[in-house]
Structures are given as C-alpha cells and as structure tokens.
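Lettered A, B and C in written order, each chain numbered from 1.
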Amino acid sequence: MSRDASRLGLLLLLAPLLLWLFLLIILPHIGLFVVSVSEKVGVREYEIGFGNYAAFFTEPLYWRTFARTAIMSMLATALTLILGFPIAYYIAKLTKGRTKTTLFLMCMIPFWVSELVRTYGWMILLRETGVFSNFLQYVGLTSGPIEFLYNDAAIMVGLVYTSILFMVVPLVTTLDSLDDSLIEAGYDLGGTSLSVMREIVIPHAMPGIVSGCIVVFMLSLGNYLTPILLGGKDSLWFTGMIYTQFITRFNWELGSAFGFLLLALSSAMVFFGLKLSRQSLSNTMGR
Amino acid sequence: MTEAPDLVCRDLVKDFDRFRAVDHVSFEVPQGSFFSILGPSGCGKTTLLRMVAGFQTPTGGELLIKGNSMIGVPPNKRPVSMVFQHLALFPTMSIGENVGFGLRQRGVGRSEIKTRVEEVLARVGLPGITDRRVDQLSGGQKQRVAIARCMVLEPDVLLLDEPLGALDLKLREHMKIELKALQHEFNTTFVYITHDQSEALVMSDNVAVMNHGRFEQIGTPHDIYHAPATAFVAGFVGEANRFKAKVTGKGGSTLSLEPESGAKITVEGVGSDIAEGQNVEVFLRPEAIELSKTEDSFDDDQNVTAGVVTSVLFNGANSMVTLKDTAFGATLTVALPQTGAFSDLHEGDSVFVGWHPSKARCYLVERSS
Amino acid sequence: MHIKAVSTVAFALSFAVSGAQAETLRLLTWGGYAPEDVIAKFEEETGHTVEVTTSNNEEMIAKLRATNGGGFDLAQPSQDRITSAQEEFGIYKPIDMSRVQSDLFIPSMLEATAGNTTYEGEVYGLPHVWGTSGLVVNTAAAGDVKDYTDLCDASVSGKVSYRLKRPTLIGFAYSMGLDPFSAYSDTDAYQGILDQVEAKLTECKPNVKTYWEGGDEIKNLLRSGEVVASMAWDTGGWQLNADNPDITFVAPESGALGWIDTFALPARGRADDAAYDWINFVMRPDIAAMITNTAGNFTAAVDGDAGVSADLKARYQGSFDQEAIDNIKWYPPVPAGLEALEGATLDRVNAAN
C-alpha cells in the first residue's frame, strides 16, 4: 500500500517533467518524422517512403552543405576553445574578487542584446564602408575599401563571438575547482608551464572543455541568423536550407527529413566527441 | 667535513602591501636533519616556506641551498620538493603517474621511471599500488605517496607544509613517528612547518619558534620546552601556569617576587636583565608543581602555598587538577601524579602545592603590550 | 493608452447594444499596409480591435498551412500565389461578394484579380495594393544599367545584388528575350527557360556582391554605395531617392514585374465581419491614400491616388512613363508544382562556383 502511494507521489512529482518531455519534445519529433517519411505524389496526395532521405543523399548540394555546416561548426568550436581557454584561465586563476566578477560580467554584456542586434553590429564593423575598412584606410594600411563581410571568415567571427560565453562559463567553473596547489605542485616537481598545462590543468578541465564544446558545436550547427547575414553568396548553411524547404519551397517533407538528419548528425558528433575525450555525458553535463 | 649546510637563510625579509610577513629571519639547516618551524597561524611560516620553495620572492636577504643562491631561481629549477598541506596529489593520474611526474619532466626513460617509482613506493611501504587511483587510498597512504612523489626526485631539501593537519588524531600520532622514520630512511633534510607543538617536538632535531614574522628561538626540542628564551615561547610551547609579579629583591640569580596578592615567592636561574622593582611574568609548567595533602611534606626551599580544588580533569596519563591558590588568588593547573595517591581528590578539597624555585621561568613584562 | 482602451470598450459596448458584434481582427499582412493611424480610425469607427502580424508571401502561406488556415482572420498574399496554395493546402475560404462594396474597387483590377484567384468556380481574392519590382540603380555610378541582364556587365562587377528567389528567374528570362509566363502551363518549356536562366545566373555570379535577403539589407547596401545596381521593389527605390536623388527605381526595358497584393480569408478565420469591415474601410479613397503614403505603393481603390503626396506621384511618374506602364508584366497565377522546378534551379545556382 505505502509503496504504491509513494510511487504515485513520485509520478505526480514527475508529471510536469514527463508532460513537458512528451508534449514539447517527443510528440513534435514523432510528427516531424511522420512528415519526413511522406512523399508527395500529387496535389494533396502523399505516400509513405524514404524518398526525402534518398533525395538528400543523391543531391550533392544537400549533403555538401550538410558536411560544410558540420566542418565549419567544428572549426568554430575549436576556435572558440582556443580563444576561450586563456580567457577562462585568466578569470578563474589569475584574478580575484571584484576583478573576477567584472571580467565575467564583461563576457556576458554582449548577451544583453538580441542575436540580431549583435549580428548587425558585426555587419557595421565588417562591411566595405564599415568601421574596420575605414580605419585601415585612415591609418594608411590600404588605399581602397576592403570588404570583410559576406564570406566564411565573417561567419566564423560571428559564430565564435556568439558562442564564446558558452565556452568560458563551463571552463571557468571547472578551472575554479582546480586547487592552486596542484599547479604549484606541478612546478615544484620540475614541470614547465607547458607540461603543467598539458598534464594537470587540461586533464582537470576536460569535463568543462567537453561540455563547452558540445554546447558551442550545437549552437553553431543550429545557428541561422549569423551564417545568413554575415555569409556570402556561397556560404550555405544547413539550417538555412531547412528554412528554405519549409518556407519558400513549401516542401515540409524534405525539410523534416533534413531536420531529422541534423538531429542525427549532432547526436553522432556529441557521441564521438565524448568517446574520443573519454568523458561521459553525465560527467560533463551533470556539473 | 666542511660541507655547507643544505639550507641557509640570511636576513630573509618578505613585505606584502600592508605588512611584513617575514622579518629578518636567519637560520641554517645541516644536511640530514629534521628542522621544524613552529608558530601560530599567520606568523609567516607558510610565507617563509613558500620562499624556500620558490613560489614567493623575498623582498630582501639571501637564500642558499647547498651553497648556491636560490634568488631568482624558479620553483621548477630548485633542488627542493614540497609536500603540500592537502598533499596536492593529481586526481587525474594514477599513483604511478603521480610519483613518476617529476621524473617525466626530467626526461627520464620510461622503463627507468617504472623501476624507480616501484622502488620508492616500496621504500615508503606501499609496493604494487602504481595502478590505483588517488581516491582509492586512505589518508595515511596518500601521505606516503606524496612523500614518495617528492623523494623519487632525490631533492636536497624536502619541505612539508603541515601535511598532517587534515588527518584524524590517531593517524596523526602514528604518522608523526612514521615521518621521522622516513626521514631517517632517506637521510634527507626535512623542513617542516606546523602550528602543532607536539609534531614539532616529537619529530625535530631542531625547532624554530616563529611569531609575527620573527624567530623567537631556535633550539633542540628539549631547550625549547625547558629553557624557552622568551615569554612567547614559554607560553606557546607546552602548558604553563602564568601570573604577574613584582620583583622585590634580587640576590645573584635568585629573585624574590611578590605577586599582585601580596604573597612571597622565590625564583631561581633568571637572566641578569631583570632588576628590582620591575614587573615580571612567571611561567610554571603543571608537571613542575607537586601536590600534597599536608604542608610539611615539602622541602624548605620550595615555594609552598595552600589551595582549594576547583575541578578535577581526568584524562588518563594527562589528568589535571585546577585549584585556586589561597595565597595569591591565581588559578593553577597541576598535573595529577600517576601514583593514584590523589584518586580521591574532589572539588572543594584543600591541598598544598609546592614547586622548586628553579622550575619557574620569569620574563619582563613588555611595557607596550 | 488607458483612455484609448476605455474608449474602445465604450464603443464595443455601444455596438453590442446596437446589435453589431465587435470582434478582434487578426490581420496577416505586409509592413506598411496597416498603419497605426488607419488602425486607430478603424477601431474608432467600428469598435473592432486589430492585431497586426507582418510577413511575406512565403511565410504567410507557411503560417496558414501550419494551422490549416487558422490563427488569422484576414491575409494579404499576392494574387498569383492564391490558387496554388488553395489547391495544395486548402487554407482559404471564398469571398462573399455581396458583403464587399465593389464600387470602391477599380473595376478592371477587381475583375483581373477575381479571374486570377478563382479556384473551382469560387473567387478567393480582392485586389488591394499593387506595385512592381524592377531595378533600383544608382544612376550616377551605374547609369548604363537598363535591364536585368545589365547587372551582369563587367562595369558593375562586385557592386550588384539581387535575391535568389523566383522574381529573379522571371526577370532574367524576360530580359533574355524569353517569355516565362506564357510557358507556365507547359512544364517542359518552362524547364527549358529555367535552364537558360540558370546558365546566365551562374555566369553572372562573380558579379554579385551578395544575394540580399531583407528589404533593410538591400537599402543599406545601396545607401552606402557598396551596391550600385540591384533588383528590388519600386518603393525601396523611391524611398532611397528621397535621401539621395541619384538612386531611383528604373523600370527595366524588358518590363517591370507587376504584382497585386490581395485580401484573402483564411479558411478557419473567426472574425469575418471584422474582415469585411476592414476591407470596405481601407478601400475608401481617403484611407487608401493614407496607406499609399506609408507603404509607398498605390492601391486598387477608386480615387485612391487623390490624397497621395505630390513627391510620391512625381517619383512614380519619373520611373514609369506610359510605355513602361503598358510594358508591366503582371504575374499570372503560379500553377502548383512550378515552385519545385524553380527551387531546384535556384539551388543549383546557389551551389555553383
């Protein structure tokens, strides 16, 4: 009796979570999947089949964009890590008290405005008649205006800028938990800065690195505005392609298939990332 | 042999923004000895040790290890190793990787590292644990691994920063003996800092007592305990009854004193800096006081007073009695003899106490404080 | 704000008493088609309240498709996009002409739109705002750009922008001497035209600075001088002309592309009364002029241009002489399935290097 009662209590406690999971996550995905396996054969006529998935693999544009998006996202993740790690190390280990809080806040300030505004900010900086170009002409480094916008490098800048906070925060948390005496012990035992970093700091920060990388990779992969606005005429992004299929082509079936493939890709990437770094999801995300 | 001492500090000074942490400290530690720096927290002993390790740069003074100046030498280039307060074993590495870390930094070959790690672990009594993780060890085992990690590098000086602080009492008692034995085994110079006088007294060849950035006294544990050079040392090391008195007469090394209540006592063997009419502070160890139920059992030259027992603190071999001295109103703590003669002592009983004038120590009361 | 809310309630009550039902009109429209002052006047006169969602053709269809024609009471898609969407998704309901004051509409436009939006014998659209797309050119820097294909000229290399959307395909086809609209019904012929346009657009790609996505983006590009010639809407050109007289809308030699945005009733709209009230309200000449002054485009309202500002009229006349007006290519209804062919072409252009 009491066991049943306690189980009922547990179920009631879990009900909001389960409802949320089911209604907002599982149900839409089932719907998406059903749509993705319907093939249009005529006006208001559909039949079940994997033609949409086949279209993805037979049309080079689709899978090339897909691969391009994945590679660019990985590159953005790596760049964010390379840039974010020193920042996080500085905040966590070399500052204290107010300075630390101030620096942390400064990392967050860009996030007080919307992504659209941030991206427009970058457009103002990078465009041909923008701040950078004018500055370079002013100091005499170039004779004519330079276009920084509308290329993959601009996308990269935008992606790194957008996601660096999500790298810095988990890194600061893990590095904060690294006892200073471990670093000192490393030096005391004859370690150089490089070997202390490689053998003591990085292994300790690994869960933070992996969780930061997962978040940044997902954010980059799923980003829509930055690649569309900063990218050039060849800068295709998979989310843009999904949008095109859904909205301008009215092709929900192919769009759903693309959505599912993106889900599969990101899950696979996270899985291999965890395997490679020998971290478990609970270890990295559970912090 | 005129070999230079392993560690020499001369006039070492360390200033921080607002205060001086280490104030003109000088000492030498001969090869193979166990040297302790004892002091309350905040006395500057950790700063001193960190200067020796190289984590902090002295503001002034000289620091020599095996005759070579260490000023400007980074910690990873100094022939010293340090056992940290919380040991600082690397949790991401196995025991073997921990102990082999220093050797790897020196570029020692893989197979040699393996044999040397096994060897040193065997010497600290932990053979065959190289593959274990740090969190699989007990507190005492971690302690020994931390020492092994340093000793495998054969440092000239091993620095220990209160490594026993985190252990429970029983293990701490055990590790004291073990540390001393390890120091013998390796015959390496140990510099040990602690705020626990018992650790310092049990293990050390020499003890330096530190207060407010200065060394109050350097000496053998016996000297420190029985012949404290200053009031601070007398008060900090071991238990002591202390009371203030005025000097009413001086004959040779014998003083006649009058505590605030007006009774008369004599004290022997004091320095020449005390003159008649000055105020002094008297320190008297509990075990120096004899206890008796009758007044006539004391020698004539002893200071004898009567008292009333206020409490009996039974603690096995360390049992104590506190009593109110009826003569000069002070509260005295007296060690209870182990003979069992006073097992029937109760609160409120009247007793007599006596102590030999040579057992007490007198120091001038400092004016300012 | 507060006073307005109170007055709205008061009017709502007075209408309730008089028998008319006050409703909330959820309007899915384009930016500028429902100016604040027009809404205020409408709410004051009728007691209805208006909620505006601005969108574009594709998103309107996508939104209505997602809800099977619900969520909105009145939509304003272009007339050529109604029948195919109705055929595929059934998202609209027919217009009840008896509830429309048809004398407010220019008869020829009403008739043409009715013809283009008839599906299975029912009319689904009423004309509202019309305009064209063509070229917006900085005449000082690129005076030679007279037609779509001139965008591919080496003299404007790197300073050109257009959208990668269907109007570009149509415009280039006309400029290349082809007739895409008459090939609408013949899939093979249309595919042939698309293939030629694809080759041209691929060849032209190095000339393009970027494919623009939003109206603000292309206006910024032109205003800053980074782009000197582009395909865009007439109103964008006229707006820029107000700031910089060198920039204006140019009707291409092969003809501007004419569109008419309509009123259409979503299938599951709940406030039909308010929707018809809105239609009959905004087609009044005075209101139509207010809308033209904010949106920049003229309406299908009789005498709707009477109250339009002189500046706008002047710019319109500067871009369109009678010959250019006669040459406007009005979009016929897009047959279902055509967009798939166009999409594949656009994808290939996008992917070409």
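Going forward, contacts are C-beta pairs under 8 Å (C-beta built on N, C-alpha and C of every residue); 3 or more make two chains touch, one makes a residue touch a chain.
These numbers come from a predicted model, not from an experiment.
Participant: Which chain would you call central, comparing Cα centres to the global Cα centre?
Facilitator: Located nearest the centre of all protein C-alpha atoms is chain A.
Participant: By mean C-alpha coordinates, which chain is most distant from subunit B?
Facilitator: C
Participant: Calculate how many whole Å lie between the centre of subunit A and the centre of subunit C, each centre taken as the average of the chain's C-alpha atoms.
Facilitator: Here subunit A and subunit C have centroids separated by 37 Å.
Participant: Taking each chain's centre as its mean C-alpha position, how far apart are subunit A and subunit B in Å?
Facilitator: Here subunit A and subunit B have centroids separated by 57 Å.
Participant: How big is the gap, in whole Å, between where the Cα atoms of subunit B centre and where those of subunit C centre?
Facilitator: 90
Participant: Counting only residues that touch at least two other chains, what does the list for subunit C look like?
Facilitator: none
Participant: List, in ascending order, every residue of subunit B touching at least 2 other chains.
Facilitator: Expected reply: no residues.
Participant: Across the complex, what residues on subunit B touch subunit A?
Facilitator: Counting only subunit B, the residues touching subunit A are 53-55, 74-77, 80-82, 84-86, 88, 90-93, 101-102, 104-106, 149-150, 153.
Participant: Provide the residue numbers of subunit A that touch subunit B in the complex, in ascending order.
Facilitator: Going by the criterion above, the answer is residues 179, 181-182, 184-192, 195, 199-200, 203-204, 206.
Participant: Mind pulling up the subunit C residues that touch subunit A in the complex?
Facilitator: On the subunit C side, the touching residues are 58-59, 61-62, 65, 85, 87-90, 164-165, 205, 208-211, 213, 217, 224-226, 336-337, 339-340, 343, 347-348, 350-351, 353.
Participant: Which subunit A residues qualify as touching subunit C in the complex?
Facilitator: Against subunit C, subunit A makes touches at 43-44, 59-61, 64-65, 127-129, 147, 149-150, 228-229, 232-234, 236, 244, 246-252.
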